[in-house]
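As written, the chains take the letters A, B and C, and residue 1 is the first residue of each chain.
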Amino acid sequence: MILLRLNISWLWKNNRIFGSLLFGVTAWVCCLLIFIVGFVVQEAFPFFFSDRAWTFISTDWYPTDGWFGHVSMLVGSLLVTGIALIIAGPFGIAVAICIHFYLRGRLANILEFIFDILTGMPSVVLGLWGLTALVPVMSRWSPSGTHVLTAGIVLALMVVPTVIMTSLASFRLVPTNLRQAAQALQLSQATFIIRIAIPAAKSGLYSGIVLACVRAFGETMAVLMVAGNIAKMPKSIMDPVRTLTSNIALEMAYALDTHRASLYMSGLLLIACVTVLVFIQASIRTKDVAIGQ
Amino acid sequence: MIIIKHLNYWIDQQKVLEEVSLSVSPCSVTTIVGPSGSGKSSFLSAINGLYKLIPQTRVSGQIFLNADQSYNLLDSPNHTVMHYQTIGTIFQQANPFPLSIYKNLDLPLKEHGYPKQDRPGIIEQTLRDVGLWAEVAHRLNSSALCLSGGQQQRLCIARALVLQPKILLMDEPCSALDPIAAFGIEQLILKLKKDYTLVVVTHNLAQARRIADYVGFFWSHQGCGRLIEFSPAAQLFEYPQHELTKKFLNY
Amino acid sequence: MVSNQKRAVSRQQDFKNKVFTALIFSLTGLLLLVILWIFGQILIRGLGTISWEFLISNPLNSGRAGGIASILQTTAWVLLIAVTVTVPLGLATSLWLSEFKSVRLGAWVSKAIYILAGVPSIVYGLFGNTFFCLYLQLGYSILAGGLTLAAMILPYFIHTCLLGFNLVDNQWRLGAQALGLSKITFIVQILLPQAAPAVAAGLILSIGRATAETAALLFTSGFVDKTPESWLDSGRTLSVHIYDLALNITGGESGAYGTALVLIVLLFMINSLAHQLVVSKRNNRMDGMNG
């Protein structure tokens, strides 16, 4: 009995000790993660407080002359991401519909497997393909093949597996008795999908698209290889463009002082955009909960 | 025995139990009855300390485990861990761990330092006590999740008994079981009361009539539960004192 | 009259149905064709470069000839460093968040982790360059690269671990507490075995992400294409090699495609392993419910 009594106090302390240990590690990890943002902020300071800081909102990027205008690159990122979503959205949801509502058994499993694996496609490889196979095709319609549209297409291919997998997961949450009810009412498959299933899965579908948006916006390599990388405002979708992410990748190697700090400023801008997107996605989710799904 | 005085329980600033005071006699079955939401489960969680696992709960009052009323359970900083040896809890939904039958019982023994050579003996005796030994002796290493609902609940009772508590708290132990399995558990409860003090929450009045020595009737008024009446079973069922009790028994 | 109308309406419905179905299938078919095109290209252009020699010899002539042996080694080292750092830190953090946290703090940390998982990898490269390469004076090294990757996949790994832990039945937590079991016992005997497939799948997916990563490594582990002798040596991974050959080296295309093929095969193996774990876990839980 005495042995058991001793065990009790040791145990009581045990939970505390163990908990504190884990908390220590967690706190350290959180610090590290705050560190990352903090570092980027710190390195961006020289730019922020320099006399060229106001050039941030201009459209011209001539770092050697002291012009650090991010607007053209922000527009570039937004355009390329926008085109990617316009393509990947419908295609992704269509494929998810195809797999979940039209295909059975092994075929559905195989397709799902393929796209699940494709979510891990390395962007360099897609960029390589884009550069060597797509660009020559696109160059039939424009002087070079490297422009906004090419980048948009490559990016779309990059994020479409994400859209497919999240849409598939959302459609799976639609209760099966809805389909049975639709069949009992002699509703066609198309009517059921368009008028019942899609509205029911709406928030999940939106959520998936926002997720794809986050990925596309942060993508560097695939875009770098096919977008042409001229840091000017694109006048049409066949114009070359440079995105915020590619800019960092291209200039980091040789940037000094204010130039370097301005790249960190770009990094901060990227973090800010991603944060906004994440909050948008969170609010879609809470609306979901409010409806009571 | 358990002596409870002026127990108040808040969840999220909302009071769910108001001034509950009662005494549970040793080696007897005390059933707690009442409609859903009258605070019966909260009452149990205050006694075994599991209320601390629910966020934003607060409890005040006194709970004593001995007649001299020297030590208030609610004052102890980590009351579940310190009193697992005295109080065992059985939940509504049988929750055997996803381990083998043997390991379900061995784990608590091992954790609390019972010597290796004693454990198989304790496990066998406990399984006999709950009436499971004959059914599982040949497959002690198979998964506990493969047992039927009634068997799983017995296993959970065995798991609580293996630490030789003095008090067993049961939160609607039969509500998830079919009538035959439920009957088996009731028989087990009646057998256990010789050595243990049992507090059983149930919403099944017929069951309460069958097993209870004492009955506590809870009722909720505007979201807050109160103990309306507490007396020996025969007295409460035959001659209920309070209006609400009379109405409830007539349902 | 009414039945004629009904027939007209149902024919219209029928037509709409057929159009929709055709649309769905053609979109799917188109996408599959493009994917076929992509993989066909990689296969055709890459297969010629691949041979046993390719895998065991080092690159020559900036990668226009020779193989990728040193690059495979670098990739392995960088991944090893990343995983060694991520697993303990990630598990400890997700265990704390799951079993010990106070509610309010936990919500903030979860949101922060979600944001960090979405931060572009190039920003991690920026951070890694400044912190690991400059401040900690590791220079362009595989150690810096591995640590940067660890920072990158840590949020994602924590997120998947938390998902796995959440699926573990809360009733077991209550039961364990009621028996006075310490949290370590609960975690080791019940939580981890049950959550193991989810954690493993999450880890494997994180490894996949790290393997495919380029941007974060460009300025942390560098471009040197020799086998690294120590952790402080610079080296290039498979994806960095592809990038270099594609953009900077004329005539590097065939080398790039060969490396790309190797990378894809590697990732295919990694991701199908994770897929298997997730699918089999889905099936196992169904059995558990029936059993």
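Please note the rule applied: a residue touches a chain if its C-beta (ideal position, glycine included) is under 8 Å from a C-beta of that chain, and two chains touch if they have at least 3 such contacts.
All values derive from a computational prediction rather than experimental measurement.
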One chain's C-alpha mean falls closest to the whole-protein C-alpha mean, and that chain is C
Highest contact count belongs to the pair A-C
With centres defined as the mean of Cα atoms, the chain at greatest distance from chain B is chain A
Chain centres from averaged Cα atoms put chain A and chain C apart, in whole Å, by 14
Chain A to chain B, mean C-alpha position gap in Å, rounds to 51
Chain centres from averaged Cα atoms put chain B and chain C apart, in whole Å, by 47
Check: chain C positions touching at least 2 other chains come out as 180, 182
Touching at least 2 other chains, the residues of chain B are 81-82, 85, 111-112
Residue ranges of chain A touching at least 2 other chains are 11, 15
As the complex stands, chain A meets chain C at residues 11, 14-15, 18-19, 21-23, 25-26, 28-30, 32-36, 39-40, 43, 90-91, 94-95, 97-98, 102, 113-114, 116-129, 131-133, 157, 160, 188-191, 193-194, 214-215, 217-221, 224-225, 245, 248-249, 252-253, 263-264, 267, 270-271, 274-275, 277-278, 282
The chain C residues in contact with chain B across the complex are 103, 169, 171-182, 185, 189-190, 193-194, 288, 291
Listed in rising order, chain C residues that touch chain A in their complex are 13-14, 16-17, 19-21, 23-25, 27-28, 30-31, 34-35, 37-38, 41-42, 45, 88-90, 92-93, 95-97, 99-100, 109, 111-116, 118-127, 129-131, 151, 154-155, 158, 180, 182-184, 205, 208-209, 211-215, 218-219, 239, 242-243, 246-247, 253, 256-257, 260, 263-264, 267-268, 270-272, 275
Chain B residues touching chain C in their complex are 48, 50, 53, 55-56, 80-85, 88-89, 91, 93, 95, 97-99, 107-108, 111-112, 143, 145-146, 156, 159-160, 163
